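Below you'll find the structures, each written out as structure tokens.
In the two complexes that follow, chain A is the common piece, with chain B as its partner first and chain C second.
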Partner chain A sequence: MKLFKKNIPLAIVLVFGLVSLASYYVPNRMSEDYLEVMNAWENIVSAFGFFLGLISLFYAHYMKIRKKADGWGYSLFVYIGFLMMVIPAIISHGKQLNPDASLTWLGWAFRYLYNPLSATMFSILAFYIISTAYRSFRIKSLQAFVLFVAAFVLILGRIPVGQMIWDWALGFTKVTAGEAIDWIIGVPSTAGKRGIMIGVAIGAVVTSLKIIFGIERQYMGKD
Partner chain B sequence: MKNTSILVSAFLILTSYSSFCAPKAGKAAAPSPIKMELKNFEALDFPYDKGETGLLKWDHTEELNDASFSVMISTISEKEGWIEADTFKAGEKTADKVNLPFWAFKKDKNKYAVPVELNNVLSSEIKQDVPFFAKVKIIKGKNSFESQTASAAARGNWFRADRLNNLLLFLFVSIVFFIIVSHAKKKSLFIRRIAGLDAIDEAIGRATEMGKPIFYVPGIGVMSQISTIASTFVLGEVAKKVAQYDSYIKVPHYDPIVMTVSKEIVKQAYTEAERPDSYKEDINVFISHDQFSYAANVDGMISREKPAACFYIGYFMAESLLLAEVGASIGAIQIAGTDVDHQLPFFFTACDYPLLGEELYAAGAYLSKEPMLVSALKVQDFGKLVFMISVALFSLLLIIGSKMNWQGLSSTLTEILKVY
Partner chain C sequence: MSEGMLILGAWIAAALTLFLFSFLYKDNPFFKVAEHLFIGAGMGWYFQTIFYKIMIPKIWEPLNSGDPFKMFMVIIPAILGLSLMTQFIPKISWISRYGFTFLMGYSAGMAIPVGLATDFMNQILGTIEPFSAFFSLTPWQMFNALTIAIGTICVLFYFFFSVEHKGAGKKVSNIGIYFLMIYFGASFGNTVMARFSLLYGRFDTLVNYSSAKYFYASAWIVVGLTLYFLAEKIFMSAKREISQ
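Now for the complex of A and B:
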């Protein structure tokens, strides 16, 4: 049992991990073909995974409706939304909706139902940015003060009236708001970002080594 | 005597005729163009590629100054099927401008080196080891000359020597990794504290006291992404603590494969906490494989169920703020970690405890406190130290090279640090 639950999966991870790693340094067509096969397998497994996801989704909402849990009415919309996309796709048989052959029923549902809803969700982000900016601009520490100053300079530089305020208040420095913004984005901001990216890269390498050599195996359950 | 006079008169007639036919003074005859040739013209396989690129080389000579070149390629024969692959002026595309490092390619500014991507030029996939023919048309003023034809076959190579710097760095990190891991087996290592991870107990304890659920959001990554794998490690530890406290956790998923893996991990965590009876199938639930549908649904769940603690750990894009802001609005303790650098500011501003970049990868090990896993944290810190020293040293050398105008030093250092 240990052979099937531990040894074979670990051997598969080791072999495929090392081969995938080596393919980065081997430019041969064989290595490219290997990566293509791996991607194809990943897509096939994902496609089967979607059935599992769909079953989980329908089961969870079915139970909510059955138990009349709080907000069970929203669960109905899962089924309604699903049918609104699937039924037009099935009944149209891929035929075009209009004479100029530019839209199917599914395309119509996608364009006029899904896209506006998706865009609405994305547009909410603008309001959330304002509320989160308000919260982070409350100066409680030295770091918060530095953040506030940097953000304030950026805001000033991005709006026309801000440029006028900058010229009036800090014009004597001979530095324009645009130059100050470029310096903030190009020097301290980029330096911090690169520091994080280097740390992330090292962390990714170490995590990969832990997985490839079977040191970290929580993802497959413990012994 | 008579013969002599005939010869003299014939000579005079010829000379007068030639002077009559000669162009007038000031209008000298144009010299016939001297045939130009490319010195050491050769076709080669481009090194360190999969076998789709050829390389043409020839020497730069003084007579090629002010000329321009048109590179012609054919796979049919030496005499037909020519396609123009590239055109450029003299001085461009010399060997020192090839995008390969000094240890993998001889940089010579007195030699032309023109890579030709055969598949792009020929619009059909070139087969391995099938020879291609190449010639160069030299255009100088109104005259043009063609070089001799050269031939070579593009072959797939077995090692990218241009990535040798990357390989050496990787081997160095790997050796350090194995030394520290083997050291960790013998004695325990001191590990710095990570505030975001220390707060997990507090968050779960608070949720238990309030009798409210805990939300664990693994983001929109798929199982092949390291951040998602790291997130599942953290999920295992969080789920174990939740089981120990007999609290309730909910894990909404974007990807069904991640959901399947997470189900096993949570089930295992409940078993390890000796509470397998508390495990429920609806802890892990698939939401949607669409970014904003997922965000909308999770936001709705957070608004309705008002969890006491929210974890956002994994791969996040624009939905990071959509989720974190809703969590903040209901007053939940929020712990977040992602390796997407441009989403980190949103988590910093909207969450109580953000994990900084690579702390996400260390989180599972930190929480598990297993010496072998914790040693990876040491490797990460050591790696960062090496990078800090390297950045300082290379920056100093580059500044010195720039100030002293040592072009060789600057270009060598830049090539050592470059990704190919």
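Now for the complex of A and C:
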């Protein structure tokens, strides 16, 4: 049983990992075809992975409704929201626009249901980011001050009031707020970002090698 | 789409937007309804995307093509995908490893060249490229190129733990911290501004939907929510008085 439970899955990782890696560096028709097929396979398996999550979510909310847990009534809206997107999608065959560029039912559901919800949910974070920063961030060192200045210039320099303040206070330097922001993003921030990205790339390569050679196998779960 | 449906859509969009914003005052049933609708609608959106972009063209159509090779090339990933579903049956959940290991193997194999090409080589190239024509640069460009190169090296040294950071090494890693702080500050500023940009968009939509064309949707919903919160406050204080 160990063969089926452990050895074959590890062999699958090793084979697909090494062949995919080699295919990227071998300029050959066969390797190109292989990557194309594997990309399609990955899409298919990932799609089933999504269904796994979807069923799990539905099951969790079904259990909440069944047990009449606190706030179980809200769980019904998960199903309502799902159906409000899927039914229009089926009617519109997955298309958002008609040939005459008018909205289909799916386009309507996206514009008036999904889009306001997602955009508002993420825009609310603006308040929380600011309030959290205000409560937790204290300038106790020069390093914290540098972080504050970079953030302050970027936030204030992008709005008209900030540009007016900049011109009033630092206008004599002949450097505009926009130019200062471009320099911060393009030079010192890029240096910090590059250091992190190079480190992340090395980390990703090492982790990938550990996965391929079966050193890292937490994704297999217990047993 | 009829004019009536567009007006109905405006009312729904304005209501959902305001329901979510109402959380800024306090947690309430309207927010929870909108929050749960968002989860469901989000899953619905991805479901239909996967259904029409993957399930039909990449599974259903090849299976019905009559070509045995195409069918075979779909059956294998479909079986691997279906194996994931055994997660729901604890006794045979180990079968799901076949699907997961395929995903992990392929993703790990692809992550190495992609990571090396984009995050590793390109970043090094971007750092050293200005030095190939260094003396044709203006003094300001030279300063910028040197700042990026020195900053990148200092940041990398900060993350390099194989040698103890003391003496000159400590100074180099300290300089790295300043570059990191500028990056974090800039990232924070950009994130805040991106969120605010979304916020302006939502406000703009609400203002738009408060026009006569949409029968003052936003205004009526704001009035409704305000009345709800007032009624709730009065009811709660009356309840508290009775219990005392």
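Basically, the second predicted complex is superposed on the first by the 156 of 223 C-alpha atoms of A that agree within 3 Å, B and C clash if a C-alpha of one lies under 4 Å from a C-alpha of the other, contacts with A are read in each partner's own complex, and residues count from 1 in each chain.
Convention: contacts are C-beta pairs under 8 Å (C-beta built on N, C-alpha and C of every residue); 3 or more make two chains touch, one makes a residue touch a chain.
What you see is a predicted model; the values in this text were computed from it and never measured.
**Q** Quick one: is A:G49 in contact with chain B, with chain C, with both, or with neither? Answer first, second, both or neither.
**A** Both chain B and chain C are touched by A:G49.
**Q** Per the contact definition in the header, classify A:P27: touching chain B only (first), chain C only (second), both, or neither.
**A** first
**Q** May I ask you to name which of chain B and chain C touches more residues of chain A?
**A** C
**Q** I'd like to know which partner A:Y112 touches here: chain B for first, chain C for second, both or neither.
**A** Only chain C is touched by A:Y112; chain B is not.
**Q** Is A:S208 contacted by the first partner chain B, the second partner chain C, both or neither?
**A** both
**Q** Regarding the shared-chain residue A:R158, is it in contact with chain B (first), chain C (second), both, or neither?
**A** The answer is second: A:R158 touches chain C but not chain B.
**Q** Which holds for A:I139: it touches chain B only (first), chain C only (second), both, or neither?
**A** A:I139 sits against neither chain B nor chain C.
**Q** Just chain B (first), just chain C (second), both, or neither: which does A:L125 touch?
**A** Touch status of A:L125: both partners.
**Q** If we overlay the two complexes on their shared chain A, which of chain B and chain C does A:M197 touch? Say first, second, both or neither.
**A** both
**Q** Quick check for you: in the superposed arrangement, does A:L57 touch first (chain B), second (chain C), both or neither?
**A** After superposition on chain A, A:L57 lies in contact with both partners, chain B and chain C.
**Q** Do chain B and chain C land on any of the same chain A residues, and which?
**A** 24-25, 42, 45-46, 49-52, 54, 57, 71, 74, 117-118, 121-122, 124-125, 129, 133, 193, 196-200, 202, 204-205, 207-209, 211, 219-221
**Q** Mind listing the chain A positions that touch chain C in their complex?
**A** Contact set of chain A toward chain C: 4-5, 8-10, 12-21, 24-25, 37-38, 40-52, 54-55, 57, 71, 74-86, 89-90, 93-94, 102-104, 106-127, 129-130, 133, 143-144, 146-155, 158, 183-202, 204-205, 207-209, 211-212, 219-221, 223.
**Q** Under the definition above, what is the set of chain A residues touching chain B in their complex?
**A** 24-32, 42, 45-46, 49-54, 56-57, 60, 63, 70-71, 74, 117-118, 121-122, 124-125, 128-129, 131-133, 135-136, 193, 196-200, 202-211, 215-216, 218-222
**Q** Would you tell me which residues of chain B are touching chain A in their complex?
**A** Against chain A, chain B makes touches at 48-51, 128, 156-160, 163, 166-167, 170, 173-174, 177, 181, 222, 224, 226, 229-230, 232-233, 236, 253, 255-257, 259-261, 264-265, 268, 272, 282, 284-290, 292-293, 295-296, 300, 304-305, 318, 321-322, 324-325, 328-329, 339, 341, 344, 346, 348-350, 356-362, 364-365, 368, 372-373, 376, 379-380, 383-384, 387.
**Q** Where on chain C does chain A make contact in their complex?
**A** These residues of chain C touch chain A: 1, 5, 8-10, 12-14, 16-17, 20-21, 23-24, 29, 32-55, 58-59, 73-74, 76-78, 80-82, 84-85, 87-88, 93-94, 97-116, 118-120, 123-124, 126-127, 144, 147-152, 154-156, 158-159, 176-193, 195-196, 198-199, 201-202, 205.
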